[in-house]
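Take a look at this one; I'll ask things after.
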Amino acid sequence: MNSIDLVSNLNQETHSTPEAIKIGNWMQKGGFATMLGIKVEAARPGWCLVSMPITKHHLNSVNITHGGASFSLADFAFGLASNAAGATAVGLNASMSYPAASKDGDCLIAEAVEETRSKQTGNYRVEVRRKSDNEIVGLFCGTVFVRGDLVSQWIE
Amino acid sequence: MNSIDLVSNLNQETHSTPEAIKIGNWMQKGGFATMLGIKVEAARPGWCLVSMPITKHHLNSVNITHGGASFSLADFAFGLASNAAGATAVGLNASMSYPAASKDGDCLIAEAVEETRSKQTGNYRVEVRRKSDNEIVGLFCGTVFVRGDLVSQWIE
Amino acid sequence: MNSIDLVSNLNQETHSTPEAIKIGNWMQKGGFATMLGIKVEAARPGWCLVSMPITKHHLNSVNITHGGASFSLADFAFGLASNAAGATAVGLNASMSYPAASKDGDCLIAEAVEETRSKQTGNYRVEVRRKSDNEIVGLFCGTVFVRGDLVSQWIE
Amino acid sequence: MNSIDLVSNLNQETHSTPEAIKIGNWMQKGGFATMLGIKVEAARPGWCLVSMPITKHHLNSVNITHGGASFSLADFAFGLASNAAGATAVGLNASMSYPAASKDGDCLIAEAVEETRSKQTGNYRVEVRRKSDNEIVGLFCGTVFVRGDLVSQWIE
């Protein structure tokens, strides 16, 4: 999967930084991210792009992607974008809207963008799109509390 | 697991209705709910109680429950409470706060309550608690759009 | 207006504490609360009841109460409940749903309840109702960041 | 006030349409918008720019802008952007974060952008900034329900 292609219409620079990618790879190995199949495509402080292929394990009883699955992808992107600068940020709350659905065989792409960041809090916006047609299936907003410790302490 | 015990301190009647339980069992068989281990404990129109044991597959990289996992449990409860009367209700959006964390070995209990319901929309509140000590780990609010069709059409 | 009547069906104790009422009266004198006609009915740490009579100055162009007006009442209640214990709490974010409308001549009552409170954050829920028939017109959830300083420093 | 200046760094086209401006002017005459001093700067279907000078009547007891005041400005912008195409849209819910404060003498500018719109629902994002330094003081997300009737029926 080519992250340049994924963001070509998002009017964003796509360069990643090594520290952010290292943090992303570590987050990607978490149990929940692994179970859901979440993959980091690109990351730098305050921004990232992550993907999740939809399988039958992501569906609800009417065979569309469960709201919790697309939220989880957005929440992972929120976590990576807010921690990618190296200071630990903890999610306080988040909201999500579901303008459209997705289904088995789709691939979802989430792009997280930092809107504000102060010493103690930060606000992030995440758009979740179907890769095939770029349709928005989720709009997510989240707020973090910034702690004083570093993410690097947790990585090996 | 005894649903009477689960809600003993919630000051709620715990009686379920057969139609709501039938809908809950059908929702529980969905791919995502199955993968996460979500179980319906009790349900009636506008209310339900669901549980999810936390395993290593629900954790993030710092070994606490991923925000997406507890959100997914709350979202499932929201879906059941809003559909348990038999009319199809579709989630429009939701918000969640995370006042505390949970970890491997905990069991999470989500209780969804209908706050308002009109012909076209409804609002629901969900509290997610650790079963062991009843501590609130998630506060969820969601809004549905009520469609004209019946849930029963989907249940063979 | 009798605060006992207002909450008679809310299954809440209605006793106030002198410190919370003092803080409420000080907040009530703020420019915005004064312009909107917000009045503190009852308050104690983590809980309060406030009212706002709707006039033509609270309406939008279709002559129902502007969403910003009912939000402002809820937000005031959120601020009072979260500061009523004496430690300064600052709103980080809030969400609101509008299940019904109100109009000129109605009186709105907002009841704020603390759901969680830790050393650094707190979560509050506010219900806004029409006094005449107790119908819910607004459902509000808010999160605060708790600072180390005291509210009393601001009150001469 | 020059709307070109206001949006110069927002990378948005600033052209308005006569129908949207007509709807905006009608909304601006509502009682609440008048009391708060809200002014429409530019509008077209799915987008608008509105302003509100902060006076002592917008402040809380610690002399910063009340959260309800900046929310009200954002909510007005949300209402105009979602109705500017001529079909009546009703706000279902909204959320707001407060990354920074403003005070007496500031002028707040809110820009609303349509993120998604279907036949029945729409999602909008609003940024509220201090005009003097372009600092974000509010981030707002809102969802509307689209009704079948026209806004024009309400304008004499």
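By letter and in written order, the chains are A, B, C and D; residue numbering begins at 1 in each of them.
The working rule: a contact is a pair of C-beta atoms (placed from the backbone, for glycine too) under 8 Å apart; a residue touches a chain by one contact, two chains touch by 3 or more.
Note that the structure is a prediction, hence the values are computed from the model and not measured.
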Looking only at C-beta pairs that count as contacts, which pair of chains has more of them, B-D or A-D? A-D
Quick one: point me to the chain whose Cα centre is farthest from that of chain C. A
Taking each chain's centre as its mean C-alpha position, how far apart are chain C and chain D in Å? 23
Per the C-alpha centroid definition, the whole-Å distance linking chain B and chain D comes out as 35
Counting in whole Å, what is the centre-to-centre distance of chain A and chain D, each centre being its mean C-alpha position? 28
Could you pull out the residues of chain B that touch at least 2 other chains? 92-93, 95, 97, 121, 143
Chain B partner, complex, touching residues on chain C are 95, 97, 99-100, 115-116, 118, 121, 123, 125, 127, 136, 139, 141, 143
Quick one: which bits of chain D touch chain C in the complex? Just the residue numbers, please. 26-27, 29-36, 55-62, 65-69, 71-73, 75-76, 79, 91-98, 154
Considering only the defined contacts, which chain A positions touch chain C in the complex? 92-93, 95, 120-121, 143, 145
